[in-house]
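Shared between the two complexes below is chain A, which pairs with chain B and chain C, respectively.
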Partner chain A sequence: MTITSFSFLALVTIGAVLYYVLPKSLQWIELLILSLVFYYYAATPYTIIYLVASTLTAYFSTLIMRKARKKENVKQAFPLAIAIAAIAVNVLIWFILKGRGLWSWAVEGVISHACPAKMDAFSSMQLVAALGMGYYTLQIIGYVVDCYWETIEPQRNPLKLFLFTAYFPQMTTGPISRYARLETLFERHKFQYQNLAFGAQRILWGFMKKIVLAERVGAFVAAICEKPDVYTGFYSWLVILLYPVQMYADFSGCMDIVLGVSELFDIHLAENFRNPFFSRTSQEFWQRWHITLGTWAKDYVLYPLLKSKPMIKFGKFSRKKFGKKLGKFLVNVVGMFFLWMVMGVWHGRFRYIVGVSLWYWIVLMAGDLLAPVFAKFTTFFDMKTESFGWHLFQSARTYLIYAIGASFFSLGISGGLALLQDAWKVLTVKDYANPWIFFDESFLNLGITYGDINLFFITVLLLIIVAVLREKYGYARIWIQKQSFMFRWLIWISLFVMVLIWGKYGPGYNAAEFIYQGF
Partner chain B sequence: MGLNEKIKSIPKDKVKSVIGFIVFMALILKVFCNVTYLFRNVTTDTWRIAGIKHENVDMVYIGGSAAYCYWEPLKAWNDCGITSYLYATAGIEAEAIKAYMKEVRRTQEPQLYVVDVRTFQYYYGDGGAEWGTRNSTDNLELTSSARYGMLKEYFATREFKEDPDRLSYYLSIIKYHTNTENLHSSLAWELMDNDKVFPAKGWEWREAYGYVEEPQGFETDIRADLLRNGKKVLIDLLDYCKDKQLNVLFVVCPYYITEEEQQKYNLIRDTVKEYGFDFLNANECYDEIGIDFSTDFYNRNHVNLFGAKKYTEFLEKYIMDNYDLPDHRGDDHYVSWDEEYLKSLEDENLCSETVTNLRLDVEKGVTMAEQMRETQNFSEWYTLAEDDRYTLLIAAGDSINWPQNIAEQRIMESWGLNKESCRQIRVVNGGNVVHSNEVNQDLSRDGVIGIWEDIPYHISVEEGEVSILVNEEEVLSEQSDINVVVFDNNYRRVVDVVSLGNGEDGKICFYRK
Partner chain C sequence: MTREAVYERLNNVFREILDDDSIELHDETVADDVDGWDSFEHINLIVGVEEEFGFKIPMGKVVTMKNVGEMVDIILELGR
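Entry: the complex of A and B
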């Protein structure tokens, strides 16, 4: 069962009806049952033991911390040790199961030297991670840390804590929720028509992004990437520029479905996207893209790190040694390095460390370092920095920076480098560019039709319109809600028909996988 | 608080929201149905099934192509005043018969159902019936419970080797939403509401002809069992008919029947009769019908308009003798039937002329074959033999003499032969090479030929000896030269066997043994 499947929609529909029909005191239990049913059909069922293990470590560790704090004779370091132990257990489970890409090469190296006969046995060893492991592990760590910081009270009902870990809409691709926000899971919820309407609308919009746009672009990009020797020149540029569109439509489409489903149950999850391609800087981009991961990393990695004694010492030292500006910059360099490393490592493979961590760390730090130069440059040339054209340029630059990182993200280190090299040749090698591919119907050999191309432009235009409305009104649907009912209905029915006809689903299609489902 | 007060106390906004929600959902449902109808596999079957809503008939003929190719409702109207409709779809599956009866009963109250049982003959109980099943159900209304009942029965009684993707049967838009070609089809748009009058009460004229031999030796008293679930489907149907006290005549119409098939029909007859229903196997009444297989069919399983005319006359007589259906001729309410009948006569004339011409064209093959056999001129022979009425089975032996004459070389080349040709196999139809082997490779070939693709052939050029068998009979055995067997596709027989050697003048020496 995936969140774009009919069975999922049926589960949600039945679940939502029961949710408001059953006594309100049973609502959280129903959500728990729905989560278990979803997990049973969507994942390898036995892997639920990992969720149980994570929940139990968090449950007992936080209760022990709470108890210890009440006792006067217990040392201050004890709760910290408990919190670290709980976090370590969770990180270890994640590292073994989900982070295999980070350590298996080293183990393989050792085995191949020390005991080559056992190499096959190691390679064929199956380690099945739990569904959504990357997401719920961060949630649990956040919960333990919040309890340690005493910003929240530990949950005393282990089943409720388990629901926080395993809440079914967010199991596929997050968002990474905070406990304080998800406490509403255990509250009583009254039926509100608006939740039903908004939830359904958001699900529909998510489907549009995922199965109309992302799947279409994905098929095109995959066809090019399948034969990198054949499809060169501007094809490489197409891959570089289209992959972010695919990624955004896929991931944010999934988030729309997730948030919409949750909204049906009157549970409002945190937003993960806020028009990231409107960002004018890469820093802003990461405040709008995968927001819950970014804020999690800031709150639980960057800020504690900057407040730590060694970092304070280092800050003092560097300011003294290199001056106020450079000293502050160096502290930032170290802090951001850890932040980006955590974000890259969380993705579980070296390609992600390169595509996410190193790339953005370098870009952001270089941006910081060169900011005065850029400022002088714009002043010197009298750039109208508040004009639409300048904003567009900045957004395009941010998009391109993301696209370059995404090349590594999608194709790995060598594949990404080869793609970028090929694209670079278009700009630097004479007669290498092949602009005729845009005019000689070469695209039609890649399994797409003119209909697909038209649909791509239509859906991207819709995405832009919705993004503009969102910037202006908070949400596009708020604006739509203010329109006359005929216009409103026309919009939603048209969207429904678009998804129904042009969605890539049914026999021959597999829209089951989401790019961000693997984390 | 009284009920009135309670109702009045409900906020107006809430009432508006609820009404708005219901209307919106109804609209969504309507759009969903219309889009599904627009994108489904639209054929004349779809139209035929949708068209019954506009009728009010005394008899409904249910079945597959063996129903809509055989029974002419307007002829029956003109002959006996019976109002009937063909509720039939190509490749209908056994499970669909009951579903179709249920569906008919939503809009009609027929006094007689005629059910063609040929589909039970083809019940194999596996999942290879996707086409027929989709064809049977896609034509039904999405709101029809019969549709879902049929699918439930289909999946419960069949065995599937692979996941059949069940959901796409129930919600057919899942299967068909990529069918954007339908947007170019006027019929698809016209059937978007699944509602359009079908002219001629489900009958359509087919301009086709095929020569068929009359089946021989199929008569038998033996009963061959149906597959377990096939019998179950039949019993379910009979139970339903009995339960609803329907008047049903089960029929088998004339076609190229085999003994094995007749054995199954014997069993079906027994089962049907046990339930007290009538059964008529028209294959036991060829003389009574007056059917001539050589003129009245367009393929082995279907009659053309001439055969349909004879069958309709036969069946309407049977119905008039055994059932009490009213004669509506002269009734003011049925004036449109007369008008439609007159219109159908015009169509019949056109179709009749076309089918007759097609038959004459096929028959011309006999004259051409005679000319072919009589000629001693290779070019003249070739001109006749390259006609698409014939398939040429060509086998070249170990040693051949390449003709010196350029015109003849070109003929050889058109068969894909060349100077070095030896141990070559070619199958040529209408001047097109449909099979060829590489030099000294694949030295034998087996296949089927004829318009029904049922006559086996075997060509071998192994071990220096050429051999060609047609229908398991050796028609040629040679050692050298290029040998050609000419097979008449329509009459499915060998009409000429020639060998091509090299004459003294450098031209092809053309001889028969």
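Entry: the complex of A and C
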């Protein structure tokens, strides 16, 4: 059962009706049952033991910490040791099951030397991870740390804590929620028409992004990437520039469905996207893209690291030795390295460490270093840095930087390099460019029609309109809500029809998994 | 310690660390309002505040404080 399937929509509909019909004291229990049913159909059922294990480590460690704190003769270090142990267990389970791409080469190396006969057995050994493991593991770690920092009270009901871990809308691709925000899971919720309307609208919009746009772009890009020797030159540029569109429509579309579904139950999850492609710098981009991962890493990795004694010492030393500016820069270099490494490693494979961690670490550090030079340049030429044109240039630059990282992200290290090299040849090798592919019917060989191309432009235009409305009104649907009855319904019915007619779904067609489902 | 006294010392810490003498903090001031106050400087500022007032601010407070007003509340509470 995926969240774009009819069975999921049916489950959610039945679930939502029961939710408001049943006594309010039973609401959280119903969510728990819904989560179990969803897990049973969406994942390998037995892997739920990993969720149970995570929940139990968090449950017992936080209660032990709390008890220890109440006693007077317990040392300060004891709660810290408990918290670290709980985090270590969770990271270890995650690393074994999800981080296979990071450790299997080492094990393979050992086996091929020690007993080559066992090699096949190792390669075929299946390690099935739990659904949503990357997401709920971070949530649980955040919960343990919050209890250690005493910003929240530990949950005393293990079933409630389990619901926090396994809450079904966020099992596919997050968001990575904080416990303090999700405590509403255990409260009583009254039926409100607005939740129903906004939730359904958001789900519809998510379907549009995923099955009308992302699936189309994805099929086109995949067809090009299948034959990199045939489709070269401007095809490579197309792949580079379309990946971000696919990735955004896919991931943010999924988030729209997830947040919409949760809204039906009056549970308002944290936003993961805020118009990332409007960002003027890469730093801003990561404050608007996969927001819950970025803020998680900031609060639980970067801040504790920067506030640790060795880092404070290092900061003071480098400021004294190299001056205020360079000293601060060096602290940034170290802090950012750890922050981005954690974000890259979380994705679980080397290609992601390169495409996310190293690439952004280098870009951001270079940006920091060159910022004064850029500033001098723009003042010297008297550029209007607040003008629309300049903003557009900055956004295009940020987009391209993301696109380059995404090439590694999607194709791996060698694949990404080959793609970028090929694109580079268009600019540097004579007669390598093939601009005619935009004007003859070359694209039609890639399994798409003129209709697909038109739909692409229409949906991207819609995305831009919605993004502008969101920037202005908070949410596009808030603007729509203020329109006349006829216009409002015209918008939603058109969108519904659009998804129905042009969406890629139904028997014989399996909507591809969400890209971020793998983490 | 009065709120005004805390603000006077806090302004000095911020001006010194961020190298900007024009900084004038208020209850509603947030990081976005002050040039250069990013995640990295946030911790520098916290450490600066700790050294100025002579106590440690717990991590839980560091990650949850929303504006300068809350920072002042924390300082007044810890300084009692």
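We adopt the following convention: the second predicted complex is superposed on the first by the 517 of 519 C-alpha atoms of A that agree within 3 Å, B and C clash if a C-alpha of one lies under 4 Å from a C-alpha of the other, contacts with A are read in each partner's own complex, and residues count from 1 in each chain.
We take it that contacts are C-beta pairs under 8 Å (C-beta built on N, C-alpha and C of every residue); 3 or more make two chains touch, one makes a residue touch a chain.
Source: prediction; values computed, not measured.
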Touching partner for A:44 - first (chain B), second (chain C), both, neither: neither
Touching partner for A:387 - first (chain B), second (chain C), both, neither: neither
Contacts of A:193 with chain B and chain C, given as first, second, both or neither: first
Contacts of A:6 with chain B and chain C, given as first, second, both or neither: first
Which superposed partner A:493 touches (first chain B, second chain C, both, neither): first
First (chain B), second (chain C), both or neither touched by A:451: first
Shared chain A contacts, counted only where both chain B and chain C touch the same residue: none
Residue ranges of chain B in contact with chain A within the complex: 14, 17, 20-21, 24, 27-28, 31-32, 35, 39, 165, 167-168, 171, 173-175, 177-178, 180
Footprint of chain B on chain A - complex, ascending: 6, 193, 197, 451, 485, 489, 492-493, 496-497, 500-503, 505-508
Complex interface listing, chain C residues touching chain A: 19, 39-44, 46-47, 58-60, 62-64
Residues of chain A defined as touching chain C within the complex: 146, 149-151, 298-299, 302-304, 306-307, 312, 315, 324, 328, 331-332, 335
